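Two complexes, one shared chain (chain A), two partners (chain B, chain C).
Moving on to the complex of A and B:
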């Protein structure tokens, strides 16, 4: 698998490719000319929906009285659990969440009823007029003891328990010269997409419904919505519009069930757009994790044993919690390092603390924070350089993964680590100033592509030539800002030699090809695989048809900008070709399974693996305990870069999202109630908090690698948290293990240390 | 806009160069006036408390979040949004800088950022503060990590306000 040529390392810059400039859609976005789902306010007959949400974290629902609301001005429909035409449940993994609660509410934000009215204000007024009678129940708020408390669903509050073991960890720990044991806690981070959950449900006039919404998997949503609405799947369609951010927070259904029911009831399009207050209270979050790790090595720093006990708080409903647990477990085994004995146990519990599900990183970044912190603790105890400790234990490129499974890297882990250790930021000796303490930290992480662990994971695409002579590429993926369309366009241009104006990318139509969910960093891999399947034969057909029409030999023709060329001269335009070709002659469709290791009966973990090492430099204010991250340097190994602006933006954006989780972002709950209700209290990074960033790419992908393109949407968040925490320790001597970093706690610890010395 | 029982007032102001007249409650927020019926959709709600900048507009040339501007404050004012700036040299300069440096991803927040920059460029020419980064601290972007925005400022909008060399 290794190649003889040396790995290339380059610093990434914005590069618009041969055409030298960005595509039109970027300008449309700046100019406000692109409509997001919640901008569809000029639809004829549009009604505005609003949802009544529980103001109790846990209660019996004794009565819901909608009589007054129904008589209010402008109100067209009021619906409750009784009005759900089909299944009053949804959920990607377990259908345990009611569209409208029947007899019990399980979190502050649970939906109870919905209204459609002429104006948003009328809808809100009607919601306020619905009388709800609750009988409060004890609130399950402590995740650690949740399974011993009254069950929120059938069975116990232990939704899932997993364990991964290798060797005898007790015996191995006993043999260690050095052991460190620590507990780590991560926050309930909010996705904070700028466009809150929303969109429109439109009756199609034949009893069906079209959803034009922000979502991440239109095809999967059709299945759930058809069951809720008691409609055949053919009568439900979803247009996943370009949405103002998602990050996993629009993976589960949000407003679709209520909007769909109201649209069917009223026969009119219904818009629901949560405001930020409602989004904070009711929307999806990242799983808070409490994890204890015990890690040991011999006197020379060889890792021998690693024990992990984790509890993930999934909140009131499962959503993608079980899959997040699985990915957390995978990352908690320390996949980059060779450890002969480990025992990783993870529990996923129901509580009344809101709702947790998919979020970029998907449990993996929480685990990597703890694993990398453990390595730093061992290095410190051994008096060894943290880079040296890591290098000693790195897996080679040929070795299987931490669970014994085949893995496919795009570079040797040692190559990436060495590049990180050569970073100009990674220099010892940062002089402490009077007020600002500076320090640098490094962390390393691995991340897989695809749904993983043998879950069904496949998808398709379609290629055709439109009557206007444009090369239309269709995938089911949703565009939420990752510019998958830009990457697809660039891939098609590179492969065919055409211009970007020749390519038309159509995304997110549930009536179009099902490419699987837009999640798990899987889209780029699928796009590359599907284009590789479709393009060669399609191009041959294109040339053959052109040859028939022009009388020139097909092998002498080459597609280029605007049409096919013969010896540098444009012979026939795509448009003319489209007009004269037999119908459907230029349609190609393909499907494929997401790549797994060859010959594996039951795939374990993820086959396609990426790496990132992040070096952080911070300044800590000795007066306030506030931390400023001044620089981040990322070394990534994720295959070839097809679209530099997209790659750079994904790494930079994910890293700052991770910075937020590390330093300021948390949605704490008290008695099940969210303690922040808007962006003035929930603090996401601003431009003033954003560090200077540099992204380097290590590309050591073999020439003939069948998977040279990897998905990088989550990679940037993988190692940033432990790098920042390590830098804080370098600056202050204080190791933070509870996130986000509390300035007051950090200040207290710094002062305690200074008093000692 | 029908808004319950609140009395309606006739409000006259200028929107993107056009005189407009609206019958609305005095306390109606400008953001709702603009978005009602999908008239001006580049002005977008992100928080409705003036924190995120996604609903920014220019009021007499100065950037303000439209969620905090009330109808009664509008008479006689000149309101601009990106829809009305297609010939404005400051806007065109900002637009080109943002695009070239890939300063956006989903783009939901981008018109708001653009208006903050336009407002700051205008103020700077009149001897106001020169720090364009400071001018963006009232805008939130969740996608980019602000890398492209920083590049746009540093490489194309930054040091010299009279420098015409935007690529």
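Moving on to the complex of A and C:
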């Protein structure tokens, strides 16, 4: 079942035929027609909230004087730490972030107070009238030395320290014929969603609150919000509305606590919507990583030793930092390659540099950038082709993962590598003339699905037939642009043979089934698992009921578009069936744990594994050092494709996000202050920077594989960065190890090389 | 830290009936002129400081918007939008390098609002080319009943005078090179934009971007010193400018 036989390879393209088209909501989203939570401006009695944020990166809070603000026109409520009804803390892993700071602010953007007023301008005016007295404290800005500086929280600034070891790395390094040692740095990337953080909190009239917000896990948010609001969980509900992007940046609570407190105080719905300045300053970012890697091999290129020493800057509060560190560590072991001895250590530290947390790739892509760069450096030193070096050391499909854990691939790594080495991008491009230097580079990455490492990870779903005759599928996931609704619809249509108009997908209701968070590339796996559990029996019930109503044998009936068919003729439509079936006869519910390796007491890493090899072709301007990525070719092995538009969107979109992190995106800080405040300074790629892309799928998933569908939300970002820097090196001879690539530094290096030759 | 949030709502927009009245209003109130607003608004928003009054310029005033042939070249109204400039048939004839270059100037929305005059007053992307072309600025001042004319190089925005139009010499037989270095391919502020113009006799070079707009007059060997003195502090950026200039000059010489 898991042989290394050649897999089928296909190039993905959107099929514009009737069955292949993206779902309707995709066009609505592109046209700006989809209502986001921050579009709910016509709610009766709506008040507008605003948050007062610290303008100091680190300070004692001596006084917060709200007296003037309370008397301002249109102001209904002003709240501070004293007004938090319950727990004044939140955080998915560690509840260390205050809703409103009590006696200390820890980053420029920390929340101090909030106001609800009739208009946004009145709310902002009241915020401006709140007087805050600070006593500045020394700013902890250097992550490397943070643990030796005054602690931001109880204990030290070292929030977590992890190590993964195998064999004796010192001994192994001593035995290496070739060793390379380099330092790598990655930027503080911003999610840059279209719709900034926002939503509305609505009092339910019975002391409870309903949140309509952009978020990633309504059920988990309910738990935290109930504690903050001092309400029973039954009195808090969340509707995760279609939102303009999240990418991890809406995994934590954002505006919900302040909006909820204000809604309870005023008895009216309160909307808070951060403007771009506030979002840039106070929003979540990707962890900047500084990592030193020492990697060695024997004279024939067999990897023997690998040492990693990394520091991740989590900023003022923990958020998902510990889990990001874990995923970074896992990827830093070089999971695709056989290495007998490694020692990977990572430290996660608090600083006053804003907030870092979940972000597509989740630490993994930072590690893969360094690992793949190390392999290129070794190949260079050995005088060996980088593809050949990788092939020598690749794990086979039968081998366990780098931490000795069972892993489940959908294709042999060697097959993916072979396909990558056969990419047409290796052919010389058009002659570029004297000005443009061209080069092609490759990188390989692996990525797992699910929360991993034995963290509680489960979820449920629900299936029913509505009175209107639509097949309603309910999950707790949020749709933030990935079009999971399209993928679910396609899965139901494929399984039942019905039409897409027969399916109604309901997502993100905390009153509905809890499917777990919309993160960790886990949704598609859960959807497939849960539908596989619910659909067979539900379909049998459907047929049995239809048989009872029509007098035809159930085994001769088949669901199709609009109803059930007998020998190609529609016998009864779903609506009629829904009207005549007993109540609740057509309701199915199921729950399941996220798949982990069998037979492991405490699961290690992630069981369901995906691969991507990305080949990048770049042009580097010899005059200026600027880099243009012209082509990206991705070879993916991520199971069966159920929804090609979604698959393409995820891989290509994530790759452009990775391109941004590689070439232009960074939010530098100075003395804890963000140095970019809007999208005219923080430069994300535009469509003009987006390269031509090709996505190939290697699918060698066995017919009887219980997990043939994998989540690909993060896969596209995994290998794009090292592929681009490898291509830059091929073009210029210069290896870049600090991101984003500085055209200035590259130009100076190009000039120095020209001078040498 | 927080600006008075109502400032923006309270801006008084003065709408003079004539250009002369605009100049007088600007003088008496000290209020800035505003055309497309695409450059000034983000600055005011970022600084959290909005002017109390602005003098709105009217593209309907004769000669302020549009492009026409003058016999010696082109007259470009200061309120001609960047989008109109990029698409105008006369520009395609007189400055065929410009339409393609305009793709790299801001984005479509900004080109729809932003004006040629506004771009030049802010030292924007067009400055290098217009300086190298020896463009002349037509301007109105409150102490002279006549429209005056002066080289763009000597023009100082913010002295209360009002730019009405630009004259560009007939460059149809000239060879022109134009390059922009931004942070990304599109919609980026200019790090450095350089222009080389050869009128058949002499080569004129100019630059704009992070170091400000300037005509460059030194020989190739002294260029680095000239740029440093002109405010270009980043050595790698100076290197890029010099390499772009050398490339354009070679290109022009090769065509010749």
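As a convention for this text, the second predicted complex is superposed on the first by the 733 of 757 C-alpha atoms of A that agree within 3 Å, B and C clash if a C-alpha of one lies under 4 Å from a C-alpha of the other, contacts with A are read in each partner's own complex, and residues count from 1 in each chain.
The definition used in the following text is that a contact is a pair of C-beta atoms (placed from the backbone, for glycine too) under 8 Å apart; a residue touches a chain by one contact, two chains touch by 3 or more.
This is a predicted model, so every value here is computed, not measured.
Residue contacts after overlaying the shared chain place A:192 against chain B, while chain C stays out of touching range.
In the superposed model, A:622 makes contact with chain C only, not with chain B.
In the superposition on chain A, A:693 contacts chain B only, with no contact to chain C. When the two complexes are overlaid on their common chain A, residue A:60 makes contact with neither chain B nor chain C. In the superposition on chain A, A:41 makes contact with chain B only, not with chain C. With both structures placed on the common chain, the touch criterion links A:131 to neither chain B nor chain C. Considering which of chain B and chain C touches more of chain A, the answer is B. Look at A:480: by the touch rule set out above, it reaches chain B but stays clear of chain C. By the touch criterion defined above, A:300 lies against neither chain B nor chain C after alignment on the C-alpha atoms of chain A. When the two complexes are overlaid on their common chain A, residue A:652 makes contact with chain B while staying clear of chain C. Chain A uses residues 121, 125, 678, 680, 685-688 to touch chain B in one structure and chain C in the other.
Within the complex formed with chain B, the residues of chain A that make contact are 14, 16, 21-22, 26-27, 29-36, 38-43, 73-74, 118-119, 121-122, 125, 191-196, 242-245, 247, 273, 275-276, 480-483, 645, 648-649, 652-657, 678-680, 684-688, 690, 692-693.
Note for the complex: chain A touches chain C at residues 55, 121, 124-125, 127-128, 277, 435, 622-626, 628, 663-664, 677-678, 680, 683, 685-689, 743-745, 747-748, 751. Within the complex, the chain C residues that touch chain A are 1-6, 9, 42, 46, 107, 179, 181, 183-189, 234-237, 239-240, 243-244, 247. Residues 1-4, 35-49, 51-52, 54, 81-83, 86, 95, 98-102, 104-111, 114, 133-134, 136-137, 139-151 of chain B are the ones that touch chain A when the two sit in their complex.
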